[in-house]
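Same chain, two partners: chain A is paired with chain B first, then with chain C.
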Partner chain A sequence: MKDDVLIFLIYLFLLLCVGLYFSRKASKSPNSYLLGDRKVGPAVTALTMQSTSMSGFMFLGGPALAFQHGWYAMMYAIGDAGGGIINLSVLGKRMRRMSELLGALSPIEYLEKRFKSAAVRIVGSIIATVFLFAYVFAQFLAAGKALESLTGWKYEWAVVVGVGVIVIYTVAGGYLAVVWTDFFQALVMLVGVACILVVAFVHVGGLSGLNQSLGEMDPSYLSIWGEDYIYYGQWGVILGSSLIYMIGYMGLPHVVVRHMSMESTKTVKSATLWSAIYNQLFAYSPYLLGLVGIVLLPNLSDPEMVIPTLAYTFFPGVVAALLLSAVMAAIMSTSDSILMQAGTILSRDVYQRFINKKANPTKMILISRLSILFAGITGILVAVIQPPKVFDLVVFAFGTMGNSFMVPYIAAVYWKKANSTGVLCSMIGGGITNILWTALDWQAITGLHPFLAGLFISVIGMIIGNLFGNPPTSDMEEIFEEAKGPRRLPKKVEQNIAQDIAPEARVISDFMKHKPSVQGVQR
Partner chain B sequence: MNKIIYSENVRFDHHELKLVFEKTDANNLFHVNQLVFYPYYYFEYKLERKSLFHPKGGMIGCTIDGINGIGAIVNTFPCFEKQAIQTDAIIPGKIKSADAKVIAKKFVYDTISYKMKVFSPPPIILTMKEIFYRPYWIVEGGDIYLENKFMLTVDAVTGKYHPL
Partner chain C sequence: MFNFPVESFWLIVPWPFIWLALGIFMYFRNKRDDDLEDPSEGEVKN
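Entry: the complex of A and B
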């Protein structure tokens, strides 16, 4: 067996060990299996969120885009770099609080309980299941393709081995196995891409040398308008390219579930810092490698192979294999999260909600495991039988989910009067718009990116739909207020706070929560 | 149901407090209507050896927070008064008397060593021990539209406050 194949096998074995390590802990309760007991700390939250968000697209589709269009692709990188920070800052604290107040274990259940509507859950489950599966198929396909090219295995075997490992550790270890392997894989991604980028820059004479070479080859590579200025003046396309990743993550169920599993609202601040550092170090690198590919690999037939080809060009086989574990890490860290979420939705939002409402916790864990296994096996079969292009499928699924769920998730915590009719209009309108825009290529006619078009319709649907239907109940308004967290004090009052009585204040606060009716002595 | 406890006297009544807050921030309304009683231990010690700072030996008093176990040196002897208070307004203590005594002794020793800059603090003799309660007001504030509400707790003896 070749050394580089052995390295991949050891890597996969390590991931399996992590999954099996968490299998016992995950079996305690549905909360443990599906959300890790809501005890995930800041570093793990941040890095699992990033590695989940940044899929195989970052190592295959992203560099290919840069290879084809030059600096225009950096608009996607800018979105990627800011995505995690915006996601945590906008939704983090409020979604964490509200999901716990509502007792929701899945992001779709969360929407149903927030808007008190079974229809929201049905529509949400359908959209999420269809597109999460589409997304997972694309990831499995990427996993097979990457493993095939890196090991020389037959594609079918590459899918079965690579994806089989993901399915096993996700089924066994549940959410905790997913977030901890993601954490580990985020580090692998960073180290792998950083090493390749450093050597690549040495070869092209740094950023200045790279730009000089690009300019000499084709000046349009240096513009934000794409190769041959194909998107010249189309700000709708340029902005949409950034926005899709900058705010689109807030609509992905398998990403926003990270807010629900954080240890506390205090986790958000540190997690944002971790995200910010990680993103600035990582997000631009794959795209920069795509640009390096234009200069160093002008005859490359498959643009998606820019990073693997550069790795094998710069490093000996074993080292390249070690660094290219990063490609597998990116694909696997996204695949396991989507698989986990698809299984959660099938078990929690379909089985327990509509088939067996009284299922006990042990049965629910079993059903969750079987659902993930079912999703995994289906994914393997689809990836083996019908392999479409990775990039198209990911952007299609990503955009549709982003347009369907982003506005409802934001409205759930920022618009007290938001109701279920508005949410349904927003989900359906946003999703359908994205599908039509992508399928019929309306971007070419309108100059508007599908994500931006879907976002407009989703917002309009939310506002207009909200005029109809029942307003939220008073208890939901109270929960909404509570989820906003402690109020900010007026400035003049805040100036004179006595910090030395903070310990007493904490105790009194607890006392008041548990005995709200205390009257004390009137003076 | 009432319980007889030693409590410090309220120095800031609810009218006074309301006026102070509304003067501080005229844009908000304040409601001061609840008192809760927070447990502390009071320990008083006699310093055996005379020093530069206490030529006559002197006394030193400290309080120990009955829940967090945090110590504080007192400048003046607190005035306690026996009062009948509703039990649901009294916060139950968590630190036992014996544990509080150990914490207090260590705290006083540490403070003397730190303040007097001596390696060997003078022996101290416990002269008084009491459990008492300090009244804290619960103040609710908010704008006139009843949005952006917030809660404060105010030490009814010193007037210090902290958000809840």
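Entry: the complex of A and C
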């Protein structure tokens, strides 16, 4: 057996061990299995959020985009680098509080309980299930192809082995296994890409040398408007490219569930800092390697292979394989989270909500495990067979989920009067707009990125829909206020209150000091 | 600088510093809020 294949097998074995280690802990209750008992600390929260958000696209599609369009691709990286900070700052504390107050274990259940509407859960479950499945099928396909190219195995075997490991540790260890393997894989991703980037920069003469070479090849590579200035003046495209990752993650159920599983609201503080540092070290690197590829690999036929080709160019086989574990890490850390979420929705939002409301905790854990197993096996079969129609959906997966869920999640914790009609209009309107914009290529006509168009319609849908339907109940308004956390009064108000009560306080103080006898009261 | 055109430089290079500054700012803002909250506030009770 080749050494690099052995390295991958050891890597997969380690992941399996993590899953089995957490299997007993996960079996305690549905809360343990689906949310890790809400005991996830800041570093793990931040890094699992990042590695889940950043899929195989970061190592394959992202560098390919940079290879084709130059510095324009960095607009996506800029959004990605700030996505975690924005996500934690906007939703973190409030979603953590509200999800626990509502007793919600899944992000879709959370929406139903917040807006008191079964329709929200049905529509949410349908959108999430369809696109999460499409998303996970694509990740499985990428996992199989990456493992095939890195080990030389037959594609079918690569899918069965690579994805089989993901399915086993997710089924066994549940949410805790997912977040801890994600944490580990986030570090692998960072180390892998950083090592390749350092050596690559030495070869091209640093950032200045890279830009000089790019400018000599084609000055449009140095612009933010894409190759041959294809997007020149189209700020709607440039802005959308950044926003999709900067705020879009707030609409992905498998990402926002990280807010619900945090140990406490105080976790947000350090998680934000972890996220800020990790992202600045990682998010730009794969795109920079794509730019290096333009200079060092001008004849590369498949742009998606920029990073693997650079790794094998700079390093001996075994070291390259070790560094390229990062590619598998990125794919696997996203796959397990989506698989976990798809299983959660099937068990909690479909089975327990509509089929067996009185399922006991033990049965719920079993159903959750079976749901994940079902999703995993279906995914393996689809990835092996590769039916073309299914993969058509993948193009819409990220944007559609982002446009469907982002506005409802934000409204849930920032708009007290938001109601279920507004949420339904927002989810359906935003999702459909993204699908139509992408499928009919309206970006070319309007100069507006599909994500930006979907966001606009989603916000309008929320506002207009909210004019109809029932307003939230008073108990929900109380929960909303509680989820906002303790409020501090403005300093001026505090000063006025202090001045107002000062005479009264002085009298009480004097009374306590001198303890005069009070008529009618025995001392 | 770094052989960038002026427009690309100002639209790309400052971002890592902006995000890092925002992360640090949010850390201290959340720390202030946490310090003001009841120590047991983190664990919301049903």
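As a convention for this text, the second predicted complex is superposed on the first by the 482 of 523 C-alpha atoms of A that agree within 3 Å, B and C clash if a C-alpha of one lies under 4 Å from a C-alpha of the other, contacts with A are read in each partner's own complex, and residues count from 1 in each chain.
The working rule: contacts are C-beta pairs under 8 Å (C-beta built on N, C-alpha and C of every residue); 3 or more make two chains touch, one makes a residue touch a chain.
Being a predicted model, the structure only gives us computed values, none of them experimental.
J.: Let me test your reading of the model: by the given contact rule, A:148 touches which partner, first (chain B), second (chain C), both or neither?
T.: Once the two structures are laid over each other on A, A:148 reaches no partner at all.
J.: With both complexes superposed on chain A, which partner does A:156 reach: first (chain B), second (chain C), both or neither?
T.: A:156 sits against neither chain B nor chain C.
J.: Thinking of the overlay built on chain A, is A:512 touched by chain B (first), by chain C (second), by both, or by neither?
T.: A:512 sits against chain B, while chain C stays out of touch.
J.: For A:37, decide between first (touching chain B), second (touching chain C), both and neither.
T.: Neither: A:37 stays clear of chain B and chain C.
J.: Is A:227 contacted by the first partner chain B, the second partner chain C, both or neither?
T.: In the superposition, A:227 contacts neither chain B nor chain C.
J.: Is A:486 touching anything from chain B or chain C once the two structures are fitted on A? First, second, both or neither.
T.: In the superposition, A:486 contacts both chain B and chain C.
J.: Residues of chain A touched by chain B versus by chain C: which partner has the larger set?
T.: Partner with more touched residues of chain A: C.
J.: Based on the A-chain superposition described above, do chain B and chain C contact any of the same residues on chain A, and if so which?
T.: In chain A, positions 486, 488 sit in both the chain B and chain C interfaces.
J.: In the complex formed with chain B, which residues of chain A make contact?
T.: 486-490, 492-493, 496-505, 507-509, 511-512, 515, 517-523
J.: For a test of understanding, state which residues of chain C touch chain A in their complex under the given definition.
T.: 2-5, 7-8, 11-12, 15-16, 18-20, 22-24, 26-27, 30-31, 33-34, 36-38, 41-44, 46
J.: Chain C touches which residues of chain A in the complex?
T.: 71, 74, 78, 81-82, 85, 88-89, 93, 96-97, 100-101, 103, 207-208, 211-212, 215, 219, 222-224, 263-270, 272-273, 275-277, 279-280, 284, 482, 485-486, 488
J.: Quick one: which bits of chain B touch chain A in the complex? Just the residue numbers, please.
T.: Within the complex, chain B touches chain A at residues 10, 13-14, 21, 24-25, 27-28, 33-38, 65, 67-68, 70, 85-86, 88-89, 91, 135-136, 138, 141, 148-153, 155, 160-164.
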